[in-house]
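Shared chain: subunit A. Partners: subunit B in the first complex, subunit C in the second.
This part shows the complex of A and B:
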């Protein structure tokens, strides 16, 4: 099994791998499969011929059209979640060669440049598996509602423009707002664990993505109105103090969102909020 | 009396805007989506959203000119009143999105920044980095989540729409299937809104998301809804060829100064940076001095196609041309276009700030869709005005209700009462060709403006006398039964799997190749007839389709196969519409009928499904062209080869 992690290599090394890749080569694709919740997992390996530009999606599409393993056994197409295929929707996130990332932007020329090279595909581990590589990430969206990740507008009637904003401030908010709820930060986080029971979601660690979204809306002139409510949630169980500062989240974020900066910023706000509340009490 | 309920199918911009508007109006919304709504295809829109604004207004621009551009850009095929209303609402929609917290790019004073986009000489495109669609849908997703947390919106994510339930001649609910448990059941509603987007997957590879099959529209079509202008498929001039999809390179790359060129010498193998200016052919700038690289999409597409396919001047002899930004400051590019340039670098492995990009046209958007009606507004001149002179005073203001009468049941309603269509699946607004950055606008406009019509219909229309909970159960059971049987048959086909001829993936691949070859940039009668024969062959093979998975849990293969069958119906409508329209207009270009024929074809192509023969019939219906008289759509093209190219506008 191939052990290097292309995401860690330099851009030059990645480019060199891409340049060395031979179109028309055959690679091995090992997939961790599972028929459904509560079922055992098993590995299946497929042999796939790839051309320039091939990615995990095109490879899985090829397998789906003719699902036969390297042993010659007829199987079913692999089930996986996908959408835009250009890394803006977050759907196709999975664990590839042991690292979480989007599968659409995972190029075979980079991950399996040589004849017979192997890649491994596994579902994310912090969410319940639906089938094969498809996981149920409802909790991730639930946590956005926990921190009221929205601007409380007065409604959709015409009330003129929103607040003016300095370009520097817009740049900060835009960066945070690029979060596509893919869950990479949660998969990599040692504090965020699989919770199958929705009843536990409100007390388990909320995760870097939701903390960063709380910051995004606290930074907005109108969004600020809910600042205290957000901070209350983040002061409580599963809030910002559950972060163990491993800093894995920021390393795996495909959009390079400054998640640790958000956690630090929200952490300071929570501390201040706690003090103010104590003085007011 | 039961609480009024509306079902919205599709959670992209149109579906979410509609959900928010209806929930606010006190109507409960059941929102169905193949994916968590935040992952809908709207996220892919990059460039921006058009609207008249304070700066452009002082330079002479107006809502009316936006309207005029949209009609002209659409080659006079769209009904004109709805377009007028949409353009008039655009500035209000931008303000609303601004209030929702969309991080629009800002000027140094903190006002919303603007960029130049195809089809206009004014800066009227608002944008949030290079992921405007993503930012807009996130804002609406957040508002919908807010209503969801208040119990006013119920989401059914990973549920697939299978068919509308029609009873007493109107739509009273849907049948849907849970994509995980595979449960099929009916849902009652006082009205149903289809907001299911386009049908790019009919072409195999396109710029669309994997979910844009057109199947939902096809299912309504087969249930009796009419389909308007199916042949109007926009091919985007600049996409990045890929193995799984063709990724869009936004028009904003040209708006920010991107120049399209090929080496003058065929097959020139030099590094593009080493080819001197004199040996480059900036063919758009040469042929269209006024608009240069920002000519509308269909024109850019045909010119690129002509240069590569007919003249053999594509880069390295292949089907691609250069889209060059390397003359611009990399820091400026990063700030203005960072997101889209990263996509190119990510999927091609080359930095477009330093090396010209290689691009080629790809199927991008469907102007056609479910046919809908509208109620005319108050502005009704005795005769159509001549084309608006750019920058001159607008003949009327932008008050609400001049184009469409707000709140009338008819707005965005299909020919089936109670069944509405919003967004890309609504055929209105874009005529024969959509202008860049008008799609996001039409989606949100439908949700906000036509959402009011839906709210009024469920309160005061037919559902008032007979609300959804009073419709006999038999009407729903009957439809569930049909879908359950179809599902069972498909699942049982797994035992026959293994034959390439009946493999759904093979059928889809062949369909995509055929449609791309016959029904895109250039069409002709003989080739289209051949295409129809191929579709008939594929439909026959599909009748014996065999899936390779019999699982009763999360069976994606089965859902996919079912959608392939529906894509074949959409394909037939596209091909038949293409044959019937014996002229060239907008995105529809016929080599055997190269000119526009207003006398015979300034009409809506109306496709209908004939149940008896299980096939598509096509007729033409008159359009509302009462506001602007048609003129030739030339974008100031000049044939003078030595015309001095103007710098691309920035």
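This part shows the complex of A and C:
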């Protein structure tokens, strides 16, 4: 009845759909298109013949090779972003069938297993569209910089070996370190919304990824040096208190990063930091 | 914008005060309030063992008569024994206003997306905001009519009186002294919705507050606390619904007779003493 599960869907159902997929079938691909920043968008549908193992990227390549809609209208190739093609860079993130995920790891056998099945592709809505499915994720990286999501080691002389990391700490941090800055957690978050104007980025909600990265580096023996600065940012406008606990982030994170635990952990850190600051002169 | 920068400058403090006021005093008051009000149903059991102070506690008294008498005893106690009652009330009203104003400001920073992400936790997020919006309207109506005496908002124009607590409450909720009216039915429905939403708001808010303050960090801890909040919420829900059930079931005329005899000192010496004052 009460559901606190950090994940969604059933892996078994997805596997069954993949097993049922018909090789050589033709599927329909609807794409939300946009010529450029600030321009109106429109939908275009393509018919694509797919084989086993096809993913969204290979489908988009087929469309690029023959950009003709189902109505027979010749159009421009669809623009998208991608990099690694193995779900580790995050560049290809888009909204597929209404939910955010990586397109390179999105298999047609699972999403459109039957003849004539349709999938929809949309750009993420929380970032400005550059063109078609390609968005500008600058704000995501800006927010990582806001919390100084790095280890301060640059200096003018050799600082020697860093302090030892405890294995238990490593275990927690390893999971957090898998974040690939894809933006899924932001796209699904009701508190993170499109901010066109970079001047607003420092007061709008920072997002689960940055909160979690702040925790990662706060728990690093050398990264700790910037702990107070990170917490100050996270206590401020757009910081961790702006999270509304919808917990969508943790469910859509492709790396299964325990984002809601990071949020609570940072919540505790700012509680203590705030109290300490209050009692300090 | 000056107000904007004030909010920004004290961002953390205001956020935490918003969270805190929801629990103390508002949440604590809610628990006490629903406990008292639900005595309309369980009050007869509460009278047992009070000896001759309350003859209505003796055999031959119906469940509701017992409830009316006990509820009257509670209300009288609150009005005459609780020190600085007005100060407590003012603190409560200010806390509610503070929690509500900031709550609306905060809620407006979000954009619900349950149509795309139909997770239960996302629905709770949405419902938390909806119950806040509707809940504050209900609280306003509730306090304005039954405490501030804005009787023009009460169908039938009943003014609540703490000397005739149950009968005037029942009349205000049923729409008339005699029976249910259509407008009364709407008021009862409003109470049902209001109480249900606010209990949810409190229980769910208690769950998220533990994350906000960093008390529950691990997934398991959040789950455990979730079940605890659910249990508390379920208990409060039963009490809230019991209060309302009591109020709609009570016949104002009969209740008034019970209260009249209490006020006239026919029932119990301690109440008689208070009525003389």
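By definition in this document, the second predicted complex is superposed on the first by the 264 of 281 C-alpha atoms of A that agree within 3 Å, B and C clash if a C-alpha of one lies under 4 Å from a C-alpha of the other, contacts with A are read in each partner's own complex, and residues count from 1 in each chain.
Quick note on the criterion: contacts are C-beta pairs under 8 Å (C-beta built on N, C-alpha and C of every residue); 3 or more make two chains touch, one makes a residue touch a chain.
Owing to the predicted nature of the structure, the values given are computational and were not obtained by experimental measurement.
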| item | value |
| --- | --- |
| Fit-or-clash call for subunit B and subunit C when the two complexes are aligned on subunit A | fit |
| Subunit C versus subunit B, contacts on subunit A by residue | B |
| Contacts of A:260 with subunit B and subunit C, given as first, second, both or neither | second |
| Partner chain in contact with A:86 - subunit B first, subunit C second, else both or neither | first |
| Which of subunit B and subunit C A:217 touches, first, second, both or neither | first |
| Subunit A-centred angle between subunit C and subunit B, computed on Cα centres after superposition, in steps of 10 ° | 160 |
| First (subunit B), second (subunit C), both or neither touched by A:236 | second |
| Smallest separation in angstrom, by C-alpha atoms, between subunit B and subunit C in the superposition | 21 |
| Contact residues common to both interfaces of subunit A (with subunit B and with subunit C) | none |
| Touch list for subunit C against partner subunit A, complex | 7-8, 11-13, 15-16, 106, 109-113, 116-117, 119-122, 124-126, 128-129, 208, 210-219, 222-223, 226-227, 230 |
| List of subunit A residues in touch with subunit C within their complex | 2-4, 6, 8, 98-99, 188, 190-191, 193, 203, 205, 235-237, 239, 241-242, 244-248, 251-252, 258, 260-261, 263-272, 274 |
| Complex interface listing, subunit B residues touching subunit A | 20-21, 24, 35-36, 38-41, 43-44, 92, 95-96, 98-101, 103-112, 128-129, 131, 134-135, 138-139, 142-143, 145-146, 148-149, 180, 209-211, 241-245, 247-248, 339, 343, 346-347, 349, 448, 498, 503, 505-506, 509, 548-549, 551, 553-554, 556-557 |
| Touching residues on subunit A, where the partner in the complex is subunit B | 14-15, 18, 35-36, 51-55, 57-58, 61, 64-67, 74, 76-77, 79, 81-91, 104-105, 107, 109-110, 130-131, 134, 136-137, 141, 144-145, 148-153, 155-156, 158-162, 164-167, 170, 173-174, 177-178, 180-181, 217, 220, 222-223 |
